Amino acid sequence: MLSKLDQQQYTKRMNNRIRKNSVLQSVFFLSALFGLFVLAILIIRVVTQGFGWIDMDFLTGRLSTDPERAGIMGAILGTLWVMIVVIPVTMIVGVGTAIYLELYAKKGKFQASIQTNISNLAGVPSIVYGLLGLTVFVRLMDLGNVVLAGGLTLSLLVLPILIVAAQEAIRAVPSHLAEASYGMGATKWQTIQRVILPAALPSILTGSILSLSRAIGETAPLTVLGIPALLIPFPNGFFDTFTALPMQIYYWTLDSSLVAEYANLAAATIIVLLVLLFVLNSVAIFIRNKFQHRY
Amino acid sequence: GGEEAADNTESGDTSADGASEELEGNVVIDGSGTVYPLMSRLAEEYMINEQPNVSVEVSRAGTSAGFEKFLAEDGTDFNDASRPIKDEEKAKADELGIEVMEIKVALDGLTIVVNPENDWATELTAEQVNDIFLGNVTKWSEINSEWPDEKIQTYGPNENHGTYEFFYENILEEQDLVGDINLQQEYSTLVTLVSEDVNAIGFFGFGYYDSNKDKVKAVGIDFGEGPVEPSLDTIGEEGPYANYTRPVFTYLNVNNAKEKAQVYDYALYIAESANDFAGETGFAPIPDEEAQAQVEAIEALQ
Amino acid sequence: MSVVMMENKMTVQLNQEKEQSAGTAIEEKDVVFNTKELNLWYSETHALKNINLSINEKEVTAIIGPSGCGKSTYIKTLNRMVELVPGVRTTGEITYKGKNILDRSFRVEDLRTQVGMVFQKPNPFPKSIYENIVYGPKIHGIRNKKILDEIVEQSLKGAYIWDEVKDRLHENAYGLSGGQQQRLCIARCLAVQPDVILMDEPTSALDPKSTLKIEELIQQLKKDYSIIIVTHNMQQAARISDKTAFFLNGEVIEFGDTNTIFTNPSDSRTEDYISGRFG
Amino acid sequence: MALKKEMQTGNRLRINEMIAENKNKKSMANIMEKIIPAILFILASITILTTLGILYTLLTEAIEFFKRVPIWEFFTTTELKPLSQNPKFGVLPLINGTIISTIIAMLIAGPIGLMSAIYLSEYASDKVRRVLKPLLEVLAGIPTIVYGFFAFTFVTPLIRSVWPEVEATNILSPGIVMGVMIIPMIASLSEDAMNSVPNAMREGSLAMGATKLETTFKVVIPAAFSGIIASFVLGISRAIGETMIVTIASGSSKNFTFDITQSMQTMTAYIVEVSGGEAAAGSTIYYSLYAVALTLFVFTLLMNLLARYVSRKFREEY
Amino acid sequence: MSVVMMENKMTVQLNQEKEQSAGTAIEEKDVVFNTKELNLWYSETHALKNINLSINEKEVTAIIGPSGCGKSTYIKTLNRMVELVPGVRTTGEITYKGKNILDRSFRVEDLRTQVGMVFQKPNPFPKSIYENIVYGPKIHGIRNKKILDEIVEQSLKGAYIWDEVKDRLHENAYGLSGGQQQRLCIARCLAVQPDVILMDEPTSALDPKSTLKIEELIQQLKKDYSIIIVTHNMQQAARISDKTAFFLNGEVIEFGDTNTIFTNPSDSRTEDYISGRFG
């Protein structure tokens, strides 16, 4: 067998195999870098194009058709208002659903079908959620294209992500903690409330921040809802019409053919959006590192 | 009459609207993307200088899509249109009991554009334009044997836009466009497409040409009396570019105007001030008399 | 009444009890748990077969037997923790102070309040030491800060860990060593003053030193509590228990005084197991 | 008063008694115990309602559409001219555009994502992995509108500078950028799958004198295959559903062509285009939007089912 | 060379070798591994200290010692698997057939082809039994179906598992019992005919019956292979090994004939360990 293989042939083959390994190792490494390379180009381009346009006036100003005067405070506030809707809605519904599925639902067909349903929902294109929001929130519930409608639409969109994250967080709480609580005569809800949820909270928070950042960056569903292209007053309630950062980027990109500077405004807005996302993600990572339990 | 009108608005703060009280609420406008630059400019000026507590929201779904939102229960207050309202739309309005008022806001010159490097087709007759877009000729050389033996690439805004309809109905007289025409939803895309294709020829509103003179070149059109280039001076329903000139409108939901003071006030503002901002947003103003007549018609609503 | 007075009283009582139990070694004890014809199935597995056992108050009852014989299952049945496993079925009867705990109408929360449990792996909550102890009292509605403080001290003293942790009551319990954690868990259990404490191999995850401490603690606790302890360690069973039950394949093979079982078992399988021939 | 009494009743029984006393008050807790599951059940059913809502939304309008346009015409004809004077509603150009853009995206994301995963899981040191993986995941978090902008203003001109035949709007560039966007998704999920292959298996192979490469391809990847395939399928459904990149960079020509240098429209981009703002009910175009959305929904649903099937089918037991 | 010829030659050689080793029991054996002044660090931990050991061909060398003393580390150094742990550093020298394997220029792939390894937990690949066996030969470029079939049969026979699996060669290896899996892993190792087989507690995860089978197998294998086996089981070391090395805290305390070590150890710590006083 092997020892009977022609020694020369064996050596040649071994050389070959080892060379292949090291060549491909470099290829793999370059592949891993490729994504980062694109990321770098993307960021450099956006920053060089938009950075000069970012100043206090831009950040705090009102929207305008005049690029020199235009500010994105309205879009920032719109995005914040939407977040104020998305956070509690997704947290309550998402965590509630996760608790139900993990701790209350009997393992069976019903539970399995909800689970399947959730993973299907996670794969539904965001634009379809836009249509759902348009039909249900804007039209049937007659909210119009206001913060609440946008927020609820985006909440439904990211809900599956959060549910799955919360389920994993709950599952990761070791059963011996729950047992300890039951062993003291605690009821199920007491155990969930006092032991399981606190232990799962950091991971749940991380998951919800990540799904929130997904919601913030979404454009497609909002285009379907019909967000106005020009909206100067700041939104200050759930029932105000609004515009959001990605929508502003979208419209400015489209109109850059009419006013060249709009492209710079779009880039500047992208920077703001990326910074916002970066901050959110850092918070998520911070929470994850800071509160990670050792059980 | 641009200068005069400008004076008007500046004093407008005190005089024209001095009597009217502080208004609140919002005005919802949707419709043509072509008219959007003018309407958004007007809306902004109105909110800054006239009624800071009124929110004018301008969207841009396109003329037809906009009419669908306009002609609906709880529909929009105004619909910008780059073509006149159609009979079906009128019928729908009647059906819903919506009284519609047409306000002509400006004049647009349909502009035929080519790539800046196109040094042959700088002038075309109206018939040649038709031939190109109907597909009667497919190569430049078929128009003029000295021109390149290359396929002509045609571009235009898609059917969502009033510009298309104007081109199809008024210029091509309802003959079908060449099959392989590249129709786009977004003007930015169109501009880019034409600016990067030497054999491109496209059509869109004057405003889009005006803002992209560095990327595309307008073709002078010969309507029989020598080539005319579109410009704020030539565009006009009586002017030399009249054949390619079309009015752009906004349609007012009169019911809403009667119910909501801010809608009425804004309608009035449009009629009074549209001419002041037409030029800078790529439109030619309408004649002053016509503008005045519209103001009076709106005032008569009260 | 002042806290100081209370403390005094406690100490007095503790002392009394010590003398009492030290004095009378042989006496008729009351039965806390009486198991009759208990059968238990995990879905398909018949894990407990016709168990009959009666467990006395204020004694240490050891349960021994090879892995998988049903020891854990049995003691988890005593506080119905076994119900947390889906698909468990039982027949037969377990009376606790005369009432059948397997009866649906018996509330598990009440049962578990009176029958505490200490687990194989120490499982403190990821909270402060203080919060760990007051967890039980709090869920049972005790909110008064003073009383809670009192309970914490008393329970930690009862589990002989007070001196080691009194200066860091508000630090996370995960900072404690394994042995300390296990004593903390015992203290947590004491904080609701149960009647019975179930212990499932409480020392198997600990080093010899900590094991010794816990064994000593159990000796102390049995004055006030009935203790049922599962252990793999024959020596431990012999050292600390009054009665021993030997389980095999879900059956009780032999049950009696620990002395008798270890010196003179009546069943050859018991002897085989004790002498290390299998298991 | 009660407190005093409690404190006086001696120590040993004190807590016991207090607990026993509180037992009666616990009716509130008991009510909670009954109510909470009901509330949670209602929350959990929101996901079901969402699905029903989507189906309701899409079906009601799509049915209206199919009353006007025969279903076979919709699915078998290659001409889509929704706004023209004699409108034609063949969805094939959109399906074609969707599939082609997805294929391009996967040709980029599949190999590069997988190779990145191999690097991260098999070759990179722990330190490198800990830096590289989150950095790569940043790519997945960038809003797609930003990618659209990037595709249109950077990638397309770049492609055209080397391949001038490519049109200013084309399916190639958004496809590529979509691929870049999906890379981290595939890399991350595949890496997870490969990471969960027990080390014992790698050691078994390395100890036989296999190189890392051989170990990776002959042992690790087959063992992680179901996870890898699942990540691919997820990537595909992401590509199918992606909207803004194609909307911005691929134009809106409803060409039925396989020429990737040309502009094409995907189902998602069509929805954006037609909905524009909030299109009011009535016209066939408006209904067509829902017919397309329903098709898209069914598409992604099938992909999910496929993902499920595949990961079950290819799971190697270890 | 034709396949048939190769096959013949193989059988012949195998027979020859068998006879050879069966005939001469006492003889001067060649040294396969010579370890000189070997030191190894895991980042901070000094896991192996000044190891000097020479291991003979066609013998079973047992390595014993308490947990954490460096047994696994040592044998993983012999095929440089230890390098897979990040941050490992070594000094000193290990010669395999005269060449220093710790030298960078020595290719691990070559080394590992000649020095096979069997792990504590059976780790077959999640493939068919057949694929498991041909894995090694295939990566070394043997593609011929007939030869591969031959290798499979011969290796499985060599690991005394052929009869049990010959009818289900194409079933998944995970369908086998733990003991069968371990013998399959040995067979997989034999398929590339290494010179040395390293075994790290190969029976610790197995039941007594399977353990016995593997021990018998090792007795057979030592006729053809040099075997180094780590074991926790003193009896096992005594039963199957020719030489025994006793490790303690990363050092070799004693090394010599198994008989001597077990009956007359020169170091008191060895005696303490063997008699079960610690570990």
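Here are some notes:
Labels for the chains are A, B, C, D and E, by order of writing; each one numbers its residues from 1.
The criterion applied here is as follows: contacts are C-beta pairs under 8 Å (C-beta built on N, C-alpha and C of every residue); 3 or more make two chains touch, one makes a residue touch a chain.
According to UniProt, the chain labels map to these proteins: A = Phosphate transport system permease protein PstA; C, E = Phosphate import ATP-binding protein PstB; D = Phosphate transport system permease protein.
Since the structure is predicted, the reported quantities are computational estimates derived from the model, not experimental observations.
Considering every other chain in turn, the ones in contact with both chain B and chain D prove to be A.
Minimum number of contact steps separating chain A from chain E: 1. The count of contacting C-beta pairs peaks for the chain pair A-D. A centroid comparison over C-alpha atoms places E as the chain most distant from chain A.
Centres computed as Cα averages put chain B at a distance of 86 Å from chain E. We define each chain's centre as the mean of its Cα atoms; on that basis chain A and chain D are separated by 12 Å.
Rounded to whole angstrom, the centroid-to-centroid distance between chain C and chain E, based on C-alpha atoms, equals 47 Å. If you average the CA atoms of chain A and of chain B, the two centres end up 39 Å from each other. Shared contact sites, meaning residues of chain D that touch two or more other chains, fall at 152, 211, 214, 276-278. Along chain B, residues 30, 59-61, 69, 186, 192 each make contact with two or more other chains.
Each of residues 109-110, 113, 136, 139-140, 192 in chain E touches at least two other chains. Taken pair by pair, the chains that touch are A-B, A-C, A-D, A-E, B-D, C-D, D-E.
Chain contact summary for the complex, chain C toward chain A: residues 79, 81, 84, 86, 108-114, 116-117, 119, 121, 123-127, 135-136, 139-140, 174, 185, 188-189, 192.
Listed in rising order, the residues of chain D touching chain C in the complex are 3-4, 6-8, 10-16, 18-19, 22-23, 25-26. Within the complex formed with chain E, the chain A residues making contact are 1-5, 9-10, 13-14, 17-18.
Note for the complex: chain E touches chain A at residues 6, 9-10, 107, 109-110, 113, 136-137, 139-142, 147, 151, 154, 191-193.
Chain contact summary for the complex, chain D toward chain B: residues 81-85, 152, 160, 167-169, 251-253, 263, 273-274, 276-283, 286.
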